[in-house]
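Every chain is named by a letter (A, B, C and D) in the order it is written, and numbering of its residues begins at 1.
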Amino acid sequence: MEEIKQAMALYKKILVAGCGTCVTVCWAGGEKEVGILASQLRLARSAAGNDIVTLEATVERQCENEMVAELKDKVAEVEAVLSLACGSGVQTMATMFEDKPIFPAVNTTFIGMPEKEGLWVEMCGACGDCYLDRTGGICPMVRCSKGLLNGPCGGTRKGGKCEIDPDKDCAWVLIYRRLERQGRLDLMREYYAPKNFRAVKRPGKIQAAKA
Amino acid sequence: MKNIDFDAVAEKVARMPGVTCVNLVSHLCLDEGREKMIASIREENLDRVIVAACSPEFKEHIFRQALEDAGLNGHLLAMANIREQCSWAHEGDVTEKAVELIKMATNRARLLQPLERKELPVNRKVLVIGGGFSAIDTALHLSRVGLRTTLLEKEAVLGTGTGEWQSLHGFDNSSMTAAVEGDRNIDVLASARMTAAEGTIGDFTVTITREGEEISRKYGAIVLATGFRTELAPTSTLKLRTQAEPISGISIVSQEQLFHMLHNSIVEAKPRTIGFMFDFSDENSRFPTLTTLNNALAAKNKWGSEIYIFCKNVKVDSEGAEKLYREARECGVVFLKCETTPRMSMDNGRVAVEARDVFLGEDTIIACDLLVAEELLLPIAGTETLSSLLNIRLDSRGFYQDENVHLYPVASEKKGVFVIGGCRGNLDMGRVLTDISSVVMSIHELLSSGKIQVEIERVKADPQKCVACLTCIRVCPHSAIQLIRVDTGKDVAVISDLACDACGVCAAICPAKAIEFQGYRDDQTLAQIEAIGES
Amino acid sequence: MNGRIIAFCCEHSAYPAADLAGRLRLHYPESLRVIRVPCAGRVDVIHILKALEKGASAVLVLGCEDGACHHITGNIRAKERVKQCNVLLKEIGVDGRRAVMFSLSPNAPHKFVRVANDIAKTMKESREAR
Amino acid sequence: MARPFREILEAKSFVVTAEAAPVKGSSVSKTIEHITLLKDKVDGLNVTDNQSSVMRYPSLGICLLIKEHGGEPVLQVTCRDRNRLAIQADLLFAYSRGINNVLCLTGDSVDVGDHKEAKQVFDLDSVQLIHLVHTLNSGKDMAGNELDGGVDFCIGTTATPSADPLEPQLIKVEKKLKAGVSFIQTQAVYEFDELKRFTEFVRNIDEKVKILAGIVPVISAKMAAYMNDNVPGIFIPQHLIDELAQAPKGTGIAKGIEIAARMIRQVKEEGVCDGVHIMFIGREERVPEILEAAGLL
């Protein structure tokens, strides 16, 4: 918030733009969060005696040019845009409205899945070289804090917890239990050679087969 | 309401935007006042009504009805509580505050929308899960009020397990099962389990698995009457006898085993001294108290044994317990009040119980031929499975239903699902009977007419805005929301008008702001805030 | 809105408690404005923030006692949201105490009045400190 | 000139190594003192690599000093700070300067150290690292290119016999053994039975590998509790904590040395291991006292 406040310090009228897909589902940038962030900014600024006007809008997917285009009129009205979309959405906005400063309001950290309402856990590192078939469907690259491929490190805590966080399960203990249950522990005994970290060249690109 | 200048209020309110007429009426809730209200709605062709009077807690329904009588939807009423929360709450003149409260109500009223009411058909059949006393009795009562019931029992016959020994509490199991057999309204499914359940009040679809075969049935309500089980309390350090067999020499037995000895078995040698223990591990000991008193009296009468009862407290607030206690005392049963659990040891074929008597202040050692150990009353196995199938919570002890003072005693948080008797931790007979009559009355009221009145779309998720994030489904305390594929092929949250209890938890948490709760929409709440402090 | 206190009151607990306070003629600050809600769990973060934006000195969310919520978990949700508000307010340097949640039963008019008086006092003190 | 560690492993019935923890800073005079004190009393000096993810003088640097002062160094290499290029380059350098022993470890997470915001590498894991050293030993680099001048490292690795659950750890040990190591140095062990169970497991897979039991003296109940909570892979049993707590004030170190020596004696007498590895971190100068108490001098 401090970052956002500072970034917005120069502006008197902004658009707070949400995205109606992924970030809505994970409670980071849907219509509700847009409302809250805008209100928070207005409160902060009025407390400082320097009111700010906020427009609010949420589009279906901020990573789609056509959908972002709906915001044209609103963007024209304001000095800057604060986007609650993921990095892709922010970059789409920035490309579409090249002469307006676009600020990211969320730090996109990981691709996760919901564990219960309001709690998401990182599950996939989008590495492009998937091992899930060999690890009982548990990704060691992301869910092991060290991303080890050949078994647990020596730091596992009592009860199979991670060395960096007693509340986090050791991914390799989970993999062991799942493979044991499936009678596939041989998979764990196999040696996995060093990973190809260039399976995805940055920046990543996917071309769907042309019809 | 002497500290409000009503003429001044009327004058100010009349100037509020959209206000057509202001009437000052004393006793608006009496016939005279209501008639006046109806008349002005008709005469002035009003489309919203604000009542500034006493708390809506008391008379809101009367005023809603008045609106309906005047041909206006009852939900177009807003109230300003200028009595309890204004005039009476403050000393000195509160005219200004009254005006502001009315302004808040006016702002809200402007945004109110009518709610359609509809009659929906309900299935009149009831599923009762369990085959013990409370299940059977509920089915028999429901039959008497003309409702058809299925009794779902996991054992092969009704009344197993607790059957005979329930007669201790004064009912006859065999005549009850006979009554069930002769009752055409009751259908018994034995050796069967519920393996899936979906739907809402009035329309549950239940999958029952019997001998590997799946049956699908539809019901309007579900009653859980699965009873409880007992387990030797951890305080009883010595091992329980595994079978109820004629005693020869020493023994530690359960209440049920003692009951069998007293009523069915030939006992080789009558136990001269019997000890009972209860109320050390679980303070909820009404049921053990009753059982102990009954068994102690029976043993005294049949065997003439010396009887010692070790307990922290004797809980005699259940029906008949006080009388039993008095009888026990009169015929010489000794009660020893102990603060801590007595120690037990084997002593030459007898059980030595060592306890500190609180009143005597000294240690007493009593050698018993028979010790009736303390037992814990626990939920039966499978309670968790059923609770997750039906989506209802368990309390800290694992029984159904939190001790939630706001819920109707036998209603669960899910409309149409009821919990009675032992499986909700209600263990003495008097309370079980109360549960049975409550559940029969509730279900009769709900299902007997075959239809139910509901307000349509009071809480609704906008399918356009819903992103199917499942949040509302996960947070709904009444499991009233489901993900359903709509015509457009999209999965969206759909709130069941029947199951919804109108709390608004979903509306507050929806990250897409897709859920609207008529009467408590965001804009209606914010409009009230807008009015505050304006004047 | 000069110093108004907004209290979102659950119709199963705090609202009847407020009524009872009136009937017993227990007095509390006139600046209190009650907004009736079907459950404390209906109160959204944005309601609290907008009330503060409008100039309310404090916002109270009053729901049922633990384990006695008519809607089972509504009061817990409300508590979480108020906590979220405290964090949001702290982030922008606003006194977190301006949003508070209390639990009370419908027959607790004295607690209602105490809560109202306490928050009014706290707000007055912090105004004077400034 | 010290005897090569590989020869010692083969020849001696009970091998003793000690750990040398590098300093934080560039002043190595104290380290040199420790080296001179210990080099003839133990068979190898084992140098940690940014131990516990705390940034320090490099392992490679201390190994060079040991070499210069006539000791036999064991270079610890973790996967945390270097990718496969850097590790291979460091190993080439080490070998060229007479450092012939390498201990392959995963490395602690940066989260437990003093540079928590660092990007941790873990390009390889410890099993892959062992394979890498074998690849270098065969005269090729990981990409398959011929090396101009090969290497011939004696390879060791670590294991945690007291992990809970143990099975996943054992599978990893099995993989390490299959990759090929000459010695295994265990994480600190305090329960003799645990150690015994572990060595039996190892022996079933590989009869020849040498096992050195890890000995970390604990000098107070407080330190024991701290280590249990904060040092990954260390589990000190309650009865030892109690024993330490009962020691009179000021005798903690002596008590710790006594307990350590007791363990070493038992290991030696019952012949469950081929030696011990002593880690008396920050008190290297007192290692001789342990050796003496254990009858190893």
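The working rule: contacts are C-beta pairs under 8 Å (C-beta built on N, C-alpha and C of every residue); 3 or more make two chains touch, one makes a residue touch a chain.
Everything numeric here is computed off the predicted structure, so don't read it as measured data.
The interface holding more C-beta pairs in contact, when A-B is weighed against A-D, is A-D. Remark: chain A and chain B have CA centroids separated by 43 Å (rounded to whole angstrom). Chain geometry summary: the mean Cα position of chain A and that of chain D are 39 Å apart.
With centres taken as mean Cα positions, chain C sits 29 Å from chain B.
Mean C-alpha positions place chain C and chain D at a centre distance of 60 Å. Residue positions of chain D touching 2 or more other chains: there are none.
In chain C, the residues that reach two or more other chains under the touch definition are 44, 46, 50.
For chain B, the set of residues touching two or more other chains reads 475, 509.
In terms of inter-chain touching, the protein chains here follow a pattern that is not a line, ring, star or complete graph.
Interfaces, counted as pairs of touching chains, are A-B, A-C, A-D, B-C. Contact residues on chain C toward chain A in their complex (touch as defined above): 44-46, 49-50, 52-53, 88-89, 91-94.
Interface of chain A with chain D (complex): residues 145-160, 163-165, 170, 172-173, 175-176, 180, 185, 188-189, 191-195, 197.
The touching residues of chain D, counted against chain A in their complex, run 79-80, 84, 105-109, 111-112, 120, 122-128, 131-132, 142, 158-160, 163-165, 167-169, 171-172, 174-175, 178-179, 187, 232-233, 235. Residues 55-57, 81, 83-91, 94, 97, 100-101, 104, 393, 402-407, 413, 475, 477-478, 501-505, 507-509, 517, 520, 522, 525-526, 528-530, 532-533 of chain B touch chain C in their complex. On the chain A side of its complex with chain B, the touching residues are 20-21, 24-27, 30-33, 35, 58, 114, 116-118.
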